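Next come two complexes built around subunit A: one with subunit B, the other with subunit C.
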Partner chain A sequence: MTGEMIAFFILALVAICGGVFMIHSENVVHMVVSLIFTFLSIAGIYILLSAEFVAVVQVLIYSGAITIIMLFGIMLTKHDPKSEKRIAKSRILAVGTGVVAFFIIMFLAINKLSFKQQDVELYVHNVKKIGIELYSKYVIPFELTSILLLVALIGAVVLAKKDESEEMNEHE
Partner chain B sequence: MELETIRSYDWGIMAPELIILGAATILSLADLLMPKKASRRYLAIFAFLGVACALVALFMQLDNGVISILADTYRFDSFSKAFKLLFLIGTGLILLLAFDDRKGERDEYRGEFYYLLLTALLGAMMMASSADMITLFVGLELLSLSSYIMAGLRKRDRQSNEAAFKYVVNGGISTAITLFGMSYIFGLTGETNLYAIQNALGDPTILQNQFLLVFAFLITFVGLSFKIATVPFQMWAPDVYHGAPIPVTAFLSVVSKAAGFVIMIRFLLVTFIAAPGVAEKPLLQEVQPYLAILAGASMIIGNLIALRQRNIKRMFAYSSIAQAGYILVPFAVISGLMFEAVWFYLLAYLFMNIGVFAIIQLVTAKSGSTDISSFAGLYRRSPWIAVCMTIFVLSLAGFPATAGFIGKFGIFMSALSTGAHYWLAGIMIATTVVSYFYYFNVIGQMFFRSEEEAGKVSIPGGVLTVTAVCVISTLVLGILPHTALEFFYNQFDLSQFFTPTK
Partner chain C sequence: MIEHLLQSPPGWIHFLIFFCLGAILLAIVLGFVTYAILAERKVLGFMQIRIGPNRIGGRFGLLQTVADVFKLLIKEDIIPKLADRPLFILAPILAFAPSFLVLAVMPFSENVKFADIGVGLLYYIAVSGISAIGMLLGGWASNNKYSLLGGMRSAAQMISYEIPLVMSVIGVILFTGSLNLTDIVEGQKHVAYMFLSPIGFIVFFISSLAELSRTPFDLPEAESELVAGYHVEYSGFRWAFFMLAEYVYLFAMASLMTVLFLGGWNPIPFLGFIPGVIWFALKFSLIVFIMIWIRGTFPRIRADQLMEFAWKVLLPLALLNIFVSAAVKELFLK
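For the complex of A and B:
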């Protein structure tokens, strides 16, 4: 077993454990913390694949920005510390069977995976290449993404803005 | 890439999209700069003019052949123009509906609504005119995100909040599933261009992964079925259609649904057309039984649950699930008649469904409730409105001399033409008969019940135009369907759809 393999197994284990803890945890803050572990270990896997740029972006956007947004969301909303009511056993069983079946199918399919000739030098000038592709060949989806972000921004403002009438009610 | 190469592309072909983008930008600025108390209602007219200009621009481009910009990240071909036409007409009619929607009383967030509608339209148009996975996905997300916000714009309305929340959560799950499927397709082929993927799937080393490919196809299909609201992703539709403002409901059930079919057909057909399946048969033939089961289940579930609905918006939500099931039939059986059957049915569905929602908006605004009883005695109060509603409902039920009949007939023929799909055609007939019960229930309310409340329903200008256009189109497409079909045959060239640009 090579060092790369060992590193991969550790990272993958941490990522999966983070996900499982997130689902099982009943405290919102614990959920966010376990999610950070998942995000960071995925970034580690990217580095193993010599995709440094994606790894850095993963740390910046997911472990940084998204986690902070979630913490803000937790701070700014009311939430009951009590957990929700229990889900029925039969439902857990049904979902569990589905997950296991899905895993078996995907596992069998992935086991026999074969690829055509791989590019071996993808990591050379990684960031430069991504930049050139993004601003020349993929400039249309890039610009479209900026409109997408604008829409998201407007939506956030509209939905979060305090209405004048509400303010007046509070002053009364 | 040199600047020269970028300049050499025919950017003028993007005119319809750029006009919509420009109109949305100007509207957002106008909304920002206008005095706070000023009425935003008239911004709808500007938005409508924008859509009309884009439509004119599209008509001027109709004679162009295939034009591709930057490796098909933007692609103008007969498929894109045929479906962009539907989106533009649908959104134009919905803007007129929104102009007269006064249920909100206060004008706040009207401005936002108009330009979010335009950005949603932009997303849909990009989905129609691209052959690159990344652009398709960004377009899909632009459409979805704008729709989530539109569904929740009525902030003080609890139902609207619930609708937006359910829509966002379900939409997020479906996006994750779609992306998971797409990631396998990309991972196996290493390409994002649909024609390059089609080509790469002929590679024998990749072909050893047929099993995974079939799975990727099914996962992507399931994820995309959210947009068209069919089984297994149909359960968001009733709650969201019920809670959202009526113009938004009309948009979701017509334009957004058509966009879902567009991305499904474009993405799945172009990439997998030549891919072999696990056994000897081609992949598309191998997955047919599964798609047919999903289509059948949508028809059965939609029509059966619609029978039990007392709320008119929920009833038409289930009806739209069933209608999406019908449109899925030609895709599931993949016959040569597929494109015209889908296109014509979506065109007919556009007019009849927007018409229905226009009248629901009028009647429910008058009575203040969305229960079916608000239609009681409508014929005695306002005969013309009742007659129009009857025409739309008959068309949705698929009666002769209406557009719905021709559409259903086309789908039925495409199901029979490939053979071995008689049971699917059978389900279609059986569920259509079931659907008569609830459609006729609406008609029965209008004609045979005594009115619970007096008073004529007055019809404002915008809704009047929409209703008139929809009635005329429904009847014309029903009696003279060749007007639309001939246009389609002249403009649509199947070979453009499957072959890459040279």
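For the complex of A and C:
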């Protein structure tokens, strides 16, 4: 048992527990908190695979996004919903079979999967390598994504502006 | 020695060594926090023509903070009856832990550094973002509308100011061509980046004040106007944890600013005989002093002005800085 294995098991356990709690809990904020633990431990697993850049970006994007999700969760949901829903037996059965089928398919697929000879030095200067790949092979998708984000940003600004002018009209 | 330790198989001795190193850093940081609070009160007192703490621990009140912390620790630990208990307990931890985690990548001198990872700068930014979750969570878990509003206010401020903070650093990354903090310091052997990208430095300084929620951006707390914000319901050592996180961030942010813009441990020309750690400490103390100075002299700004300032002034300036930095690099540093 190496240190890496121990770290992997702890991280995997936290990730799975976070996922299970996320589905199980009824409170929006509790769900979001369990999601945080899942995302952070997945970032930890990336670090174990020597993919620091992906790990850090995972934390950067998801921790920011999670705060926003939490804000919306608090703002858009009722504070204490005590809804007891009865779930039909047949539905539980259907979901159960689905889960088992998914497990069998994934298990077989993973067992069959074989990676070719891996590039051993891939992790050295991985930020630089990702940068070079992005700006040489994948320039067009990269730029298209940035345009998409820009459109979303401008769209948000336009929507916010519109609200303001409509409010002004209402006041008049 | 660390390199050797990192590459050998794990064992309890390694664990012990790393644990001790971490504990030493924590002790240094706690020592800094203790005396930073005292220094803040002394400097503020000096600026407001009064004496400041002067009773406990001799003429200069050297044990004042120790006494304050002791008071907080022996206070009754109150958890409101209707609060969300597990999250109420988790929130201060989630706010404090990242503030100490970010110190792992900080190079204090050529030899005194912990983790030398390739994405050090990005790591700092990413991990420090987790604290905002802790604050929002604390505000929500208290089950009090004032603390919820306070939590919302802090989260909005943190997220808004993180953007100019990150954007203003891009100039430095352009000059160095690396995200590694040690490389960034090495790149400033001849001239500090503060002079190469002055706009970036100013934008970074202002947004770091907001990230640390210090005056003029201390709306998350605003002790004299709004109810204390997300930690209204907290008392005793849980409250102390939030405050501790704030001051450890002060330590981390001042170190980061020293590394990014003031040249880290690099000496001023002709004074190279003074060791690097001392240079680092001097530059670091200068930044901390300026931050206290600002607290003593600036009024607090309003919430809407705060948001407008981030999005309409700092963000365009940071974008301009990227452009100017690229031009400077192409024209003068080739």
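Keep this in mind: the second predicted complex is superposed on the first by the 135 of 172 C-alpha atoms of A that agree within 3 Å, B and C clash if a C-alpha of one lies under 4 Å from a C-alpha of the other, contacts with A are read in each partner's own complex, and residues count from 1 in each chain.
FYI, contacts are C-beta pairs under 8 Å (C-beta built on N, C-alpha and C of every residue); 3 or more make two chains touch, one makes a residue touch a chain.
Bear in mind the structure is a predicted one, so any value in this text is a computation, not a measurement.
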item	value
Which of subunit B and subunit C A:L148 touches, first, second, both or neither	first
Touching partner for A:V29 - first (subunit B), second (subunit C), both, neither	second
Touching partner for A:E52 - first (subunit B), second (subunit C), both, neither	second
First, second, both or neither for A:I105, with subunit B first and subunit C second	first
Contacts of A:I68 with subunit B and subunit C, given as first, second, both or neither	second
Which of subunit B and subunit C A:H125 touches, first, second, both or neither	second
Contacts on subunit A seen with subunit B and repeated with subunit C across the two complexes	none
For the subunit B and subunit A complex, residues of the former touching the latter	1, 6, 21, 28, 69-71, 73-74, 108-109, 112, 115-116, 119, 122-123, 126, 130, 132, 134-135, 138-139, 141-142, 145-146, 148-149, 152-153, 155-156, 188, 190, 200, 203, 205-206, 208-209, 211-212, 215
List of subunit C residues in touch with subunit A within their complex	9-10, 84, 87, 90, 117-119, 122-123, 125-127, 129-130, 132-133, 136-137, 140-141, 148, 152, 155, 158-159, 162, 179
Contact footprint of subunit B on subunit A as seen in their complex	105-106, 108-110, 112-116, 132, 136-141, 144-145, 147-148, 150-152, 154-155, 158-159, 163
Of all residues in subunit A, those that touch subunit C in their complex	2-3, 27, 29-30, 33, 36, 40, 52-53, 56-57, 59-60, 63-64, 66-68, 70-71, 74, 125-127
